[in-house]
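The structure under discussion appears below in the form of structure tokens.
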Amino acid sequence: MPNGVCTMNSNFSQLIKDGRYIGMSLDGVDGDTVWQLYVFMQRLRLLENAIAALYSEQQMRCPVHFCDGQEAISAGLALAIRDSDHLFSHHRTHGFYLAKCREFKPLIDEIYGRISGASGGVAGSQDISYCEMNFHGGAILAGSIGIAAGVARAMQIKNIPALAFAGFGDGAVDEGVFWETVNYAALQKLPLVLVCENNGYSAFSPQNKRQAVMDISAKVRAFGMQAHSFFGNDAVESHRVISQAVGAVRRGEGPVFLEGHTFRWSGHVGPEGDDQYQYRSMQELAFWKDNCPIKLLEEKMLEEGLVKQQAIDDLVRQIGQELDQAFAEAKQSPFPEPVDWHAMNYATQTPKADELLAEEKSSGFDQNQDLAIPGPY
Amino acid sequence: MPNGVCTMNSNFSQLIKDGRYIGMSLDGVDGDTVWQLYVFMQRLRLLENAIAALYSEQQMRCPVHFCDGQEAISAGLALAIRDSDHLFSHHRTHGFYLAKCREFKPLIDEIYGRISGASGGVAGSQDISYCEMNFHGGAILAGSIGIAAGVARAMQIKNIPALAFAGFGDGAVDEGVFWETVNYAALQKLPLVLVCENNGYSAFSPQNKRQAVMDISAKVRAFGMQAHSFFGNDAVESHRVISQAVGAVRRGEGPVFLEGHTFRWSGHVGPEGDDQYQYRSMQELAFWKDNCPIKLLEEKMLEEGLVKQQAIDDLVRQIGQELDQAFAEAKQSPFPEPVDWHAMNYATQTPKADELLAEEKSSGFDQNQDLAIPGPY
Amino acid sequence: MRELAYNQAINEALHQAMGLDEDVMVVGQLVDYRSGIFGTTTGLLEEYGSERVQDFPVAESLMTQAAIGEAQMGMRPVLTHQRLDFMIYSMDAVANWMSLWRFKSNGKQSLPITIMGVVGRGWGQGPQHSKSFHGWFSHLPGIKVAMPATPFDAKGMMMESVFGEDPVIFVAHRSLFSMREHVPEMPYRVRFGEAMLRRPGKDVSIVALGIMVPLAMQAAELLAGEGIEAEVLDLRSASPLDKEAILATAQRTKRLVVADPAWQTAGVAAEVISLVSEHMGADLAANPARLCLPDSHTPMSQTLEEQYYPTEQDLADLCKKML
Amino acid sequence: MRELAYNQAINEALHQAMGLDEDVMVVGQLVDYRSGIFGTTTGLLEEYGSERVQDFPVAESLMTQAAIGEAQMGMRPVLTHQRLDFMIYSMDAVANWMSLWRFKSNGKQSLPITIMGVVGRGWGQGPQHSKSFHGWFSHLPGIKVAMPATPFDAKGMMMESVFGEDPVIFVAHRSLFSMREHVPEMPYRVRFGEAMLRRPGKDVSIVALGIMVPLAMQAAELLAGEGIEAEVLDLRSASPLDKEAILATAQRTKRLVVADPAWQTAGVAAEVISLVSEHMGADLAANPARLCLPDSHTPMSQTLEEQYYPTEQDLADLCKKML
């Protein structure tokens, strides 16, 4: 492994030989599943490539965080998550969005700020929600992890057979509220799955500059929560670890923390790149590009004869067409109408209160009473 | 150990026989040190007894949190801490205050709200500071632990040969910012000593109702910080563990977390008691009273012939006199004068700015410039 | 007629709310002990069990985040803080998530969360146990702020908070908890943004909030002794404000004093004066005035506390200066 | 005369401050990378080293707590937040500790801490990257709030913040960062509570804050085209307010419009109007008015952003309505 590959804890060093990941195996995973993983990753990659290519047209007027190079983790997640589950994402939403919502259109329209976007154009890439699909994004680190815990708690109380997921990065782990959440989830044995895309950096700041102990999973375990880490560019392993762990959570075995070690190729935000700031080594980037999750899986599939090159080419073409159409439609989609600010921020109806509560008149307050002075507490 | 003694992790069960602590030994600790520990505990106990006895006079008009039963931890601390060190305390200040400041008077006057109090009567028992002695209290849980880390960081940057201490309970450990502090202290190898009086409860709520893993030290270690826990009613062991650990921090070996397992006899706040709420078992309370830190040490000292009963009686009498006088003086001490609220909250002078900064006139702003629209970030 | 104390009124509201709807839950440090947050949550555990009446770790930030998740799943959580000051740990959850959730979801989701913060006053609470941030909360879009001054309102506004659709910060002044008055037994509502005229008068209007309401009533009594008829308007909610009622009382008396139990600068009192000035400043017979706390943190010592908190006499004097 | 952009002016202030006093330190996520918080911290690491120019974990709460400790030991920390929204995680440190430390120490200790929060606007920043809480901060005793609108003030107020004795929240609007003007090279100060008359006029006073100042200047220009002379007062600090200057301009023109880049309700604009109304409401020739943001969170979509942020034309129109 090259110097400066600080994003990985040593657990994985034996899986790397001469700069190449050698741990991939399709054992116990059927061809259809492998193909689904592959399709997911290609869809995500091509979606982001298209956003990046068109961004300079200045029609997508919101901050956009790309996850190219990290596709294998959300691919594994996509296969394990169900419609009735809830998923909360940090700012880098595209992979998590696609894992939960599958369709391109509500995301693309949202990025274009159109009324047909998942959030009606009020949120954009970093804050997008798609309520109908139980997907919620947000750009303040760690905050929504606790929200996911609350969803899990409600599921537990109401006996809802579903799980809450939260997707985030190694940066969110710096925040204290993350540890409040881990403690509480372990304490209450919540049906909660925490998915950490550990790409080794919070913006430019490497993990070892922010955390004294690199092994996040070990810290989580000390709080009483199950935790598994895996080489995050291996989509099959990602699928294996995630689906197994999620299965255990579904069986009521309590919450789990899953940590995929991966790397983002693009700059932290936007399509322009930020390597001029030299916060990471080109060697490190090269290592991870050499171990592209899509390429690793593609080579394996071809090697094992699971798929023909032709099928891949067809897939790529077909996704390209789908994207072309989605972007064309998005650009034609109407912008939101002038809004009533108050109605955007407050409910206009109170159906429950109307149903349950009577109107009463106060009989008038007797002011000749002394205020209490609280005692010692 | 009786049922319901949830405050102790099992590490200590072998030190308890038939409800009595049998682990005490004076090995390697000289008689003078033992006596100092004893004197400290007696002073603290008698101080609090006096506050409790006089509280109903309604002249000490502030919330007061007693630490009776917990004296051994601050006794150990008192012997390890130096004047140049800084100590930050949570709401239960008396033990920590005495460990750092030694004198009764500034505390008692403060509780009476007098101008001669350590904080001039603006703070009371739960928020008291004694700046001249580098002692600072505060009643919001966990907050001041991070402040202590900042003091330690400044000591590190400025090469000041002193340490920062923070004293708190098991409740503060629930807060996320506590874990932010642990991570940061370990990362920067700060000259920081965290002293946790684990009395098993946050107000009425037992630790196992709030934390999935009871062994706080183990969690702290997972974050990369040294941690030691000890039976917190054994003053000699407290002294041993604290002075050894503090020595290591002074030698630059990085921060440490110290956890004494103990119990508070009084109610959470005020002298009235709160056992009518039945949040803890009387059996549990009885166990800890049986293992009173003062009694344990006194018996050991007498048994080993370190001291005569007469000396103890003299000590108690002399502390009593000192306290009588301090309380009498406090009651005679003047209240604060009418204040200038603004000057209480803002500095009235800016000596540094006066020294370093010139006065300049703006030449007038050209408004014919466009505002920038931030890009993706 | 049956009387209840303020804390009992809140307690009854919570009992009834939990009985009416199994989605109502009460969460907070020590809510499930018999002392029950100064009596406001007593007995809930026994009746509704530990899933719905839940003690919480000392982790205020997570507590609110979790409530946001619970509310999304249809629950109606009521959170409690023994002091409002402790709630400040959760400001990220409040300001960056809860307040904007409805907006960000493009109106598709609402969060019926009630957060009760108790404001300390007196007995040396000091600077970390006595702050009331209702001014902050009323500045923040997407949340409502209840400040009931009487047992009747405490029950009705708690009911309205729990069964309304917006997040509510419910500011309860500890010193009001012993106040008693007739409280109807049935579950009823007191709506947000509906101020109550507590005492009519023609000479000067006192617009008051929370614990300033009893003070205003006493000041009006003092003034009456001198032949001055003060009108007292109890705002009841600090957000939304009942603009109509504010303008109406100002229009009637042409003299406005606002009594707000918070620091003076940039608080709700300033908002009330601004509203009136913008709409009818020219019609006033005297310049408006505020009675607030000094722009200072709270001292512990009794002599300083006495200077810090204004009295009914201070309020009466301020009114008289206007005539 | 040498010109600097707003971000360069802050950068120069930090360079000079660190050079003048080795107790000055700069802390925040990414302060030690070449991009340097939009250019404000660029080059500091190379000159002053990694002890004094320090990246920080994504732990805003601890960051402020630690600064409080550092300040007690004589350091003068400058903290940065790429968006002011992130700072909200540290509100406990700000409101429950930093703001009251001096008070609680009975005046014995002061905390010269500067916290710079950058406020986003435009390009779809959305509800979590665009909030300016200067209204909250000005409500809070014990801290000051800087809102420089020009490069000259940005440098001078940063210097004053760093070398003053009180904690300061320094609100920097991202959209001002490219503005240029003459900035003197020497280290100089711009004091708190000293507003600046940016343009004299006799017909109406626009009292403006932060990014509303350039807007106010443009509105005044528009009005001048119609023969209306608007006076523009730049408050420069949201706390303390320059009450004298506010009253003086209102006295001169008898017409007051306050332009504040924040939600309208219970913000600084309300405070300014209250001040004027309390002192001289009866002297005004027209009811005062505010130009603020709607009481709403910030939408991402460009069409909505355009509705959300008021323009110079809106401000000019408001002024005209008053005449």
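Every chain is named by a letter (A, B, C and D) in the order it is written, and numbering of its residues begins at 1.
Methods note: contacts are C-beta pairs under 8 Å (C-beta built on N, C-alpha and C of every residue); 3 or more make two chains touch, one makes a residue touch a chain.
None of the values given here were measured: they were computed from a predicted structure.
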Pair with more cross-chain C-beta pairs in contact, given A-D and B-D: B-D
Identity of the chain that, by mean CA position, is farthest from chain D: B
Inter-centroid spacing, chain D versus chain A (mean Cα positions, whole Å): 35
Rounded Å distance between chain C and chain D, as computed from the means of their C-alpha atoms: 30
Intercentroid distance (Cα basis), chain D paired with chain B, Å: 38
Chain B: positions in contact with at least two other chains: 62-63, 121-123, 127, 138, 140, 174-177, 180, 183, 187, 210-211, 341, 344-345, 375-377
Multi-partner residues of chain C (at least 2 other chains): 57, 59, 61-62, 85, 89, 92, 96, 100, 103-104, 123, 125-128, 141-142, 295-297, 299
Footprint of chain C on chain B - complex, ascending: 61-63, 113-114, 117, 121-124, 126-127, 138-142, 171-172, 174-177, 202-205, 209-211, 274, 276-279, 335-336, 338-339, 341-342, 344-345
Residue numbers on chain C that touch chain A, as the complex places them: 1, 20-21, 25, 51-52, 57, 59, 61-62, 64-75, 82, 92-93, 96-97, 100, 102-110, 112, 120-123, 125, 141-142, 144, 149-150, 152-153, 156, 159-160, 163-166, 174-182, 184, 186-189, 196, 198, 211, 213-214, 217-218, 221
Residues of chain B defined as touching chain D within the complex: 86, 119-123, 127, 129, 131-132, 136, 138, 140, 143-158, 160, 164, 176-177, 180-181, 183-184, 187, 341, 343-347, 349-353, 356-360, 362-367, 369-377
Of all residues in chain D, those that touch chain C in their complex: 61, 85, 88-89, 91-92, 95-96, 99-100, 103-104, 126-128, 131, 133, 135-136, 138-142, 239, 241, 262-263, 265-271, 273-274, 276-282, 284, 286-290, 295-297, 299
Residue numbers on chain A that touch chain B, as the complex places them: 55, 62-64, 174-180, 183, 186-187, 210-213, 218-219, 221-225, 268-270, 272, 375-377
